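Can you keep this structure in mind? I'll have questions shortly.
Letters A, B, C, D, E, F, G and H name the chains as they come in the text, with residue numbers starting at 1 for each one.
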Amino acid sequence: MNAKYKKLNKDDAALLLVDHQSGLISLVQDFSPSDFKNNVIALADIGKFFQLPTILTTSFDEGPNGPLVPEILERFPDAPFIHRPGQINAWDNEDFVKAVKATGRRQLIIAGVVTDVCVAFPTLSALEEGYDVFVVTDASGTFNLTTQQSAWNRMSQAGAQLVNWFAVACELQRDWRNDMEGLATLLSNHLPNYRNLMTSYSRLQQARNK
Amino acid sequence: MNAKYKKLNKDDAALLLVDHQSGLISLVQDFSPSDFKNNVIALADIGKFFQLPTILTTSFDEGPNGPLVPEILERFPDAPFIHRPGQINAWDNEDFVKAVKATGRRQLIIAGVVTDVCVAFPTLSALEEGYDVFVVTDASGTFNLTTQQSAWNRMSQAGAQLVNWFAVACELQRDWRNDMEGLATLLSNHLPNYRNLMTSYSRLQQARNK
Amino acid sequence: MNAKYKKLNKDDAALLLVDHQSGLISLVQDFSPSDFKNNVIALADIGKFFQLPTILTTSFDEGPNGPLVPEILERFPDAPFIHRPGQINAWDNEDFVKAVKATGRRQLIIAGVVTDVCVAFPTLSALEEGYDVFVVTDASGTFNLTTQQSAWNRMSQAGAQLVNWFAVACELQRDWRNDMEGLATLLSNHLPNYRNLMTSYSRLQQARNK
Amino acid sequence: MNAKYKKLNKDDAALLLVDHQSGLISLVQDFSPSDFKNNVIALADIGKFFQLPTILTTSFDEGPNGPLVPEILERFPDAPFIHRPGQINAWDNEDFVKAVKATGRRQLIIAGVVTDVCVAFPTLSALEEGYDVFVVTDASGTFNLTTQQSAWNRMSQAGAQLVNWFAVACELQRDWRNDMEGLATLLSNHLPNYRNLMTSYSRLQQARNK
Amino acid sequence: MNAKYKKLNKDDAALLLVDHQSGLISLVQDFSPSDFKNNVIALADIGKFFQLPTILTTSFDEGPNGPLVPEILERFPDAPFIHRPGQINAWDNEDFVKAVKATGRRQLIIAGVVTDVCVAFPTLSALEEGYDVFVVTDASGTFNLTTQQSAWNRMSQAGAQLVNWFAVACELQRDWRNDMEGLATLLSNHLPNYRNLMTSYSRLQQARNK
Amino acid sequence: MNAKYKKLNKDDAALLLVDHQSGLISLVQDFSPSDFKNNVIALADIGKFFQLPTILTTSFDEGPNGPLVPEILERFPDAPFIHRPGQINAWDNEDFVKAVKATGRRQLIIAGVVTDVCVAFPTLSALEEGYDVFVVTDASGTFNLTTQQSAWNRMSQAGAQLVNWFAVACELQRDWRNDMEGLATLLSNHLPNYRNLMTSYSRLQQARNK
Amino acid sequence: MNAKYKKLNKDDAALLLVDHQSGLISLVQDFSPSDFKNNVIALADIGKFFQLPTILTTSFDEGPNGPLVPEILERFPDAPFIHRPGQINAWDNEDFVKAVKATGRRQLIIAGVVTDVCVAFPTLSALEEGYDVFVVTDASGTFNLTTQQSAWNRMSQAGAQLVNWFAVACELQRDWRNDMEGLATLLSNHLPNYRNLMTSYSRLQQARNK
Amino acid sequence: MNAKYKKLNKDDAALLLVDHQSGLISLVQDFSPSDFKNNVIALADIGKFFQLPTILTTSFDEGPNGPLVPEILERFPDAPFIHRPGQINAWDNEDFVKAVKATGRRQLIIAGVVTDVCVAFPTLSALEEGYDVFVVTDASGTFNLTTQQSAWNRMSQAGAQLVNWFAVACELQRDWRNDMEGLATLLSNHLPNYRNLMTSYSRLQQARNK
């Protein structure tokens, strides 16, 4: 018997961005820094584009972990932002869970640093409470591939779906016609080769229209 | 309790080729371009050799995504070819689903670009509707290995079988004696080292027969 | 609920070596040739050391696929050796299945070339019939890592256990005291660094005994 | 239906360190020696920091396998230390199982050398007996990636959770406030880049306080 | 006898950007698209920051090669821009060589797509004419690592210096005090982890100043 | 002092294809089989397109090394074809050297299997006799990367230039206008992503002309 | 004509450690953090063991670059420590060059972060002034392999020798008998597998002496 | 001006095997153990086959470094075997240099463990004294690729030629006809895929002769 397709729905999804802090990100070595930055901002842009309820959280952002990176903060100035006083698992923080529940959403899109802790722990907690969890693998970073693969395995075996930001965008969009220009801009900003396709195409369209 | 062997059957399988378009293929970086081209054409040749009902589909082929690559089109000039006006998931397009249902087949062999979207979405939809889905991993391409692995995991966890084109050919053929020369030609065209074995063998056979 | 430990038992296991033919092995690119040769012979030596009922089979060994490599044949001169006239899946060959059943064993240790076809197909067939199947991943080779990973996934999802030859040897042996010298010789022949440990140790023992 | 979150609990977890012997470690090639040493000692320090009941075991430590590495022994001078006379699977040794049961713990954190045997076998045994097993992937080493991946797959499919030492530390700690300085020291000793964050931070704090 | 240090000098260097066109860039597979885009723009920003005479050139930008990517064009609206009518080696185009000579500079910083042709050919030509050539390896892309390594070797053996954009920036700058904020902004825009260091530092400075 | 640019010249270059035999090619593991086949045929097509004097040679093609692959033979039915009776270094065969000299060319483009012997030996011999030698790295294959890198180093240090087939084609062509369609066809046949650019472009041109 | 062997001599060598600062090290991605830390400290220990004149320098250690890592500082409390006020190339700082000259040594062993700038620039400067320069490749880190390889090439082509810390130690030591225990301790502390050899050996020696 | 071809000559070459000791080999991680063992024995077999004067040497073979591996010793029971009492560089040992000089050979083929010390030091010494040195890269092992590449660079820049064992065998042999069966046996023993070619060929020859 095959599985039911648990499909992302922009009216039932919330975005959780966990501990993308300037200090912690310097620990990430399973992506190149430019790739990782691009992926994280792409995911943030998705949240904004689809107007997903978004929740921010950090751990000890006054200390060596550093503050939330400004690229995220400036995209969600009004989002609930939970500064955890000590809980490692964001789900152990009451305010965080309240904020999640306040969204009324049952699908949680989650990414963070580091994958094996800051992402995996709330993922496992939310799964246990019956949420559908979508872990954005390419916007979540950790120490090395061994650690990455272990964390992916643990979350997947518990029922989380592993997705990349591009799949998230496309699954939320469903149909290009819902906002063709908006999606094109989003992809163009974060997929350089897609932008190249569009650049070539536009040039030829211009030539055609002369 | 072990699983039942869901075995490909040439009388119950259909082939779905999704979005192998000239623009989109330039986004693929999890295979070398020559390997990927070889794999995709090998799969198309399999469809032709076993006379599988085959369905073609593209997304915005007038725009930057580009047209279906000619190597596919020329192999299936009479196949249903659904030009989707906007649906990202081919399964969201009624004509596509109708074409699938019209084949009467319950086993779907699917490949496309990019793996995490154009392949994964219809795979998950078809699984939900009870089809057996065979994802051809080496004829499906995407942005990088992180994306590839996430997509494979999601589809596999939902019940899809991950296969490569060579396994598809062999499972459909069952027995070399069903058409020895036909299969040999197929393999020779797409497995250079198998062709080398045949070249060496033929030479020796010729020598023997002198 | 955790799984029962399906543990290899030398009185209930049979060894199936499928299509390790001189032509087909030249297609293997997911291992270096020396590593692969070492692994295959190590597995054959395990079969001999534990006196496992062993079944050999080849596909078209008169043609370009080439004959079974002599290292295997000379270790099992009296084993049932099924030259398949055309069936790709060894399990589709009645003689092969009869030979398997004649062993009376319920645990099948299987390796072969190529992993995605010659190993995967009989593995899936045997699982369906209720056998416990142990796929020896490092004595089975194929075209590339994409193909390898797809095949591993398919077999694992169907219930096969993925093991390496060293784990097979150790699980069959259970306790070094069952035949310390025999196992040590086996490991020494196929694990160069283990042999090095023994060389250093022996030298020191000799010095001590002077 | 999603899985229950089987969460490490410092009052219900025991640590099993299996065969980290000077000879056997020289067989490990899936980690660089420095990374592996760091990971193993980190895990040992976790055991000490959380005062986990810890059990040590070795196989033939008078012979070429070599003695337990001193870094582990000196951290657990009073731990039960089972010198197995021949059993390959530590769980086949009565004293070992007794020692495990004597802890009264139901969560077993296990690491060792080599992953596919010394870790996998007791893991599968313990799972069968209903324990929750947490395999520490980065403190367990083996011959190569093929062997590593096969072993991870086998254990994961049987119900073990794959974790890395950092995730173990964080899941046991739950909240930084339980012992902020203790955890910080642990991380600082084994995550060079985390130490770097702390070094930079301290310098700036000192400057501030001048 | 050691070599003289041929050091980049902002008063003697010119920047040559060759064929960074939207079509050609889609052929690049020795960098991830995000890394490559970041590197190319970083180099362009260096040209602007140090006010280097900069020359742009493209090959058939009306055809499938596509136009120069807009990120470059908008940074150098007034730079000489040679649209080559057919010469593959930019140095074979008189206007290009005239533009180079018009700068009066003897140090040429060059990057382009693809490395083995569009970069290597003018590099070898310029070396022959006695220029010092600095090939920016990470802002030049090609088909694969074999191609990249061959091209690097050919240029290096002929006397070119292989440098990365960060080394170019630092060698031109000589001393941070020449424009501390300018260089910091440049690095911050293109080295995400350097930006993280600055983010953490600024936060702590702010805290200090409260 | 910089090097003179030793530039390929279609009127001074000859092509030497050494031991691309069906048996020997099965030893190649530093390229995927499809990539290698594509590269070798691309180089042969270059020879034909530029009408380079071409010399074929094989070693023991009646034995296990196998015959020259038919793709090469059919492109050069009239080329001198030296079947060496035993000399490993083609340059030790008088007929081969005579054939080279008969071309009157001073630039030798060479590729073959295996790189470290069949390519390296005649390369070193020809260099010694004052020829300019261009080793086509991606149309020459060998056992593994260690072997490849050693051979590249040895040849490069002796004065050979390392080039890839695409660079050879472009350096011989000099200017697209010499035969735009011919070069485009050559590239289109062997660079799948370049073909994709052309496919997209043609489609848009057609649309424009409607 | 072969090269003279420029051999490290403990009476003619000085050690330069450049910019191993807590912030800058977090930019290093061409080594795992544990490997890099181990290599850097090993090199520092070499400096101490052979009592090499050692010079420390940092760049802006009050700012985001962070202070020199304490492991280095505590090993050389009395070494000249040049806090550069802005010069990127340490050799542009008069105090640094004076300190180098004050050692009277003509062989410079250099390592630092990042390789392409903080190591390469003073290396090229020192070579120009006639020093023999030994770049310690594994104690110098940078952004990625492209950057690393470019920097190695540039320095090597200018006459620097690329060495690893182990080679440095052995070349300075010349003969184990100069201080057997000292060297053994050094190696044991930084080569975990060498320590394992010693652990096994000691155990056997102890057993022998009983 | 191109280089003279310094070609191996079996009447002018000697083989130096340095420190292939059971303990030291366990430090090698730049080859898989099976590949490395195969390469080392292949080189030893070459020495025997071509009756090259061969010199063995070890460092502290009574201690943790361990004895020379028996596979080498048994092939050269009568070779000069220098047990160095402490010199790290074999060339610093008078007996070793005397033994080299006693051969009267000017070409030195050298391999050993570890590459960066035990191979590099005598290589650099011998080059300085005017010998032609051939470093067998695949029969020399070290800690990791960084170390390997540094050592290769240093030796190559000083004038050593980097070769692999297969190239050594072929260059010494010159012509298959000098001893066809002997060379075939050598290759068959150490190149599994070459052996496969021969197995397939023999089978077909047998069939032909029936």
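The rule is short, and it goes like this: a contact is a pair of C-beta atoms (placed from the backbone, for glycine too) under 8 Å apart; a residue touches a chain by one contact, two chains touch by 3 or more.
These are the chains along with the protein names UniProt gives them: A, B, C, D, E, F, G, H = Nicotinamidase-like amidase.
Given the structure is predicted, the values throughout are model-derived calculations rather than measurements.
Colleague: Measuring centre to centre, with centres taken as mean CA positions, what chain is farthest from subunit F?
Modeller: D
Colleague: For B-E, find its twin among F-H, C-G or D-H: the pair where over half of the contact pairs carry the same residue numbers.
Modeller: D-H
Colleague: On a C-alpha centroid basis, what's the spacing between subunit D and subunit F, in Å?
Modeller: Going by mean C-alpha positions, subunit D sits 53 Å from subunit F.
Colleague: State, to the nearest whole Å, the distance from the C-alpha centre of subunit C to the C-alpha centre of subunit F.
Modeller: 41
Colleague: What is the distance in Å between the mean C-alpha positions of subunit C and subunit H?
Modeller: Spacing between the chain centres: roughly 33 Å.
Colleague: Taking the mean of the CA coordinates per chain, how far is subunit B from subunit D in Å?
Modeller: Each chain reduced to its C-alpha mean, subunit B and subunit D end up 43 Å apart.
Colleague: Could you list which residues of subunit C touch at least two other chains?
Modeller: 23, 26, 32-33, 64, 66, 143-144, 191, 193, 196-197, 200-201, 207
Colleague: Write out all the pairs of touching chains, ordered by chain label.
Modeller: Every pair of chains in contact is listed here: A-B, A-D, A-E, A-F, A-G, B-C, B-E, B-F, B-H, C-D, C-F, C-G, C-H, D-E, D-G, D-H, E-F, E-G, F-H, G-H.
Colleague: Which bits of subunit C are touching subunit D when the two form their complex?
Modeller: Result: residues 1-5, 7, 31, 137-138, 152, 156, 161-164, 166-167, 170-171, 173-178, 180, 191, 193-194, 196-198, 200-201 of subunit C touch subunit D.
Colleague: State the interface residues of subunit B toward subunit H in the complex, per the touch definition above.
Modeller: These residues of subunit B touch subunit H: 197, 200-201, 204-205, 207-208.
Colleague: Which positions of subunit G touch subunit E when the two form their complex?
Modeller: 23, 26-27, 59-60, 63-66, 85-89, 92, 114, 116-117, 120-121, 124-125, 127-128, 130-131, 143-144, 146-147, 149-151, 153-154, 157-159
Colleague: State the interface residues of subunit C toward subunit H in the complex, per the touch definition above.
Modeller: 22-23, 25-26, 32-38, 61-62, 64, 66-67, 69-70, 190-193, 195-197, 199-200, 203, 207
Colleague: Please give the residue numbers of subunit D that touch subunit H in the complex, ascending.
Modeller: Per the stated touch rule, the residues are 26, 29, 32-33, 143-144.
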